[in-house]
Amino acid sequence: MSSEENLSKLGITLPPAPPGVGAYIPWTRMGNWVLTSGQLPWVDGKMAYPGRLGAEFDVAQGYEAARICGLNALAQLREAAGTLDQIAKIIRLEGYVHTAPGFRGHPEVLNGASELLNEVFGDAGKHARVALGINEMPLDAAVQIVVWAELQPGGVSF
Amino acid sequence: MSSEENLSKLGITLPPAPPGVGAYIPWTRMGNWVLTSGQLPWVDGKMAYPGRLGAEFDVAQGYEAARICGLNALAQLREAAGTLDQIAKIIRLEGYVHTAPGFRGHPEVLNGASELLNEVFGDAGKHARVALGINEMPLDAAVQIVVWAELQPGGVSF
Amino acid sequence: MSSEENLSKLGITLPPAPPGVGAYIPWTRMGNWVLTSGQLPWVDGKMAYPGRLGAEFDVAQGYEAARICGLNALAQLREAAGTLDQIAKIIRLEGYVHTAPGFRGHPEVLNGASELLNEVFGDAGKHARVALGINEMPLDAAVQIVVWAELQPGGVSF
């Protein structure tokens, strides 16, 4: 099954790819490699989860925030590649969790994005990950992620 | 116009590329891809902006600190490529802001480096970005950045 | 001398490559490029250094924690490449130090991993580095690192 078909089967409709919030672009390419800029939990242009894990939000809410970041990242990848079916493999997830002092549940929170990638791409969704706690996050976002993907050989070129 | 000519026209003279502050090298290459190590706001071997955004420094000062990091990154890229004219494209900026509790102006601060790259390279300067707040920064630096660039095909080899 | 012979000569026996702690894989590849997920100071399945630099641990202990992360990263690279002799070059070290307020000794701590890479790979171990302080680290680990390496041309393929 193709990744786009898989997405439909999962009942997921991707949002429009969010613009950046500064003098940069939301994704870039180098050869067959695509990477997103930092993706925040935007929903319809609103910051859906403003606050910190271990204070304003619990792990279940953080998981949901990470999943929303993941949906926005998928929207960027589709924008970059034309269709998710041009994605050969997810390479890496950078996961940044907005943390109040003492919070240690980063892995559970970031699984919200990782499991989305695994659901949509199957084996090709398996990725390396780095997980960090950030005490002061841009725009007060609860989570920020970056996704790297490899395009199909002979995929889109610019 | 070439990037080096553009630099002259902007009246920018790059500083010498700063050495690292540990058992690492200030830039590296893999194929056509160059990346810098973390660049700090060094001016003539002195840490020009020691302190935190939202405490010792305001957004305008942070912007200037980020621009200085950007100049040091350009110096590294020139060192790596021989001349900035060998740079085909800026790929990514990693932007780390030294933050006091409650600071949320990361995007404005990091634009100091992003806008420099856009000025010097024009369309080829458009890059992906990740922006994080760091409460304890090495050497108390107000900003740290990493820049990734793609070399011209058939560019320098080692 | 080969890297594996060098490792023996240094009296180093690598631990088994630790599994991830979430819905991700501990290393990945893209073409000739291998990168690990975040490596923590696990020893025999136990978090060997739980706590912060500048509070529970001093610089010498942090150096040792970073070296252990480095050993785990080498175990991942061997797993990815079959043997360390397939590694052509270390590209980058991402170094994350779990910091209490006011700690600034990141470079010395991360040299624990950097110097290991330099010892094992010699000139091919020279790498770019980024060093950040993290106030809330997953699993309370004192240090987390990520290592990027380039494989020999004509090296392993999948």
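Order as written gives the chain letters A, B and C; numbering starts at 1 within each chain.
Note that a contact is a pair of C-beta atoms (placed from the backbone, for glycine too) under 8 Å apart; a residue touches a chain by one contact, two chains touch by 3 or more.
All values reported here derive from a predicted model rather than from experimental measurement.
Asker: Rounding to the nearest 5 degrees, give the angle of the rotation that lays the CA atoms of chain B over those of chain C.
Answerer: 120
Asker: Could you classify the chain A-chain C contact as same or different, where same means more than half of all interface residue numbers appear on both copies?
Answerer: Both copies touch with mostly different residues.
Asker: How big is the gap, in whole Å, between where the Cα atoms of chain A centre and where those of chain C centre?
Answerer: That gives a centre separation of 25 Å.
Asker: Spell out, as numbers or ranges, the residues of chain B touching 2 or more other chains.
Answerer: In chain B, 132, 134-135 touch at least two other chains.
Asker: If you look only at chain B, which of its residues touch chain C in the complex?
Answerer: Result: residues 20-28, 30-31, 35-38, 94, 96, 132, 134-140, 144, 146 of chain B touch chain C.
Asker: Which residues of chain B touch chain A once you look at their complex with the stated criterion?
Answerer: Spelled out, the residues of chain B in touch with chain A are 32-33, 54, 89, 91-93, 97, 99-104, 106-108, 110-111, 114-115, 118, 126-135, 150.
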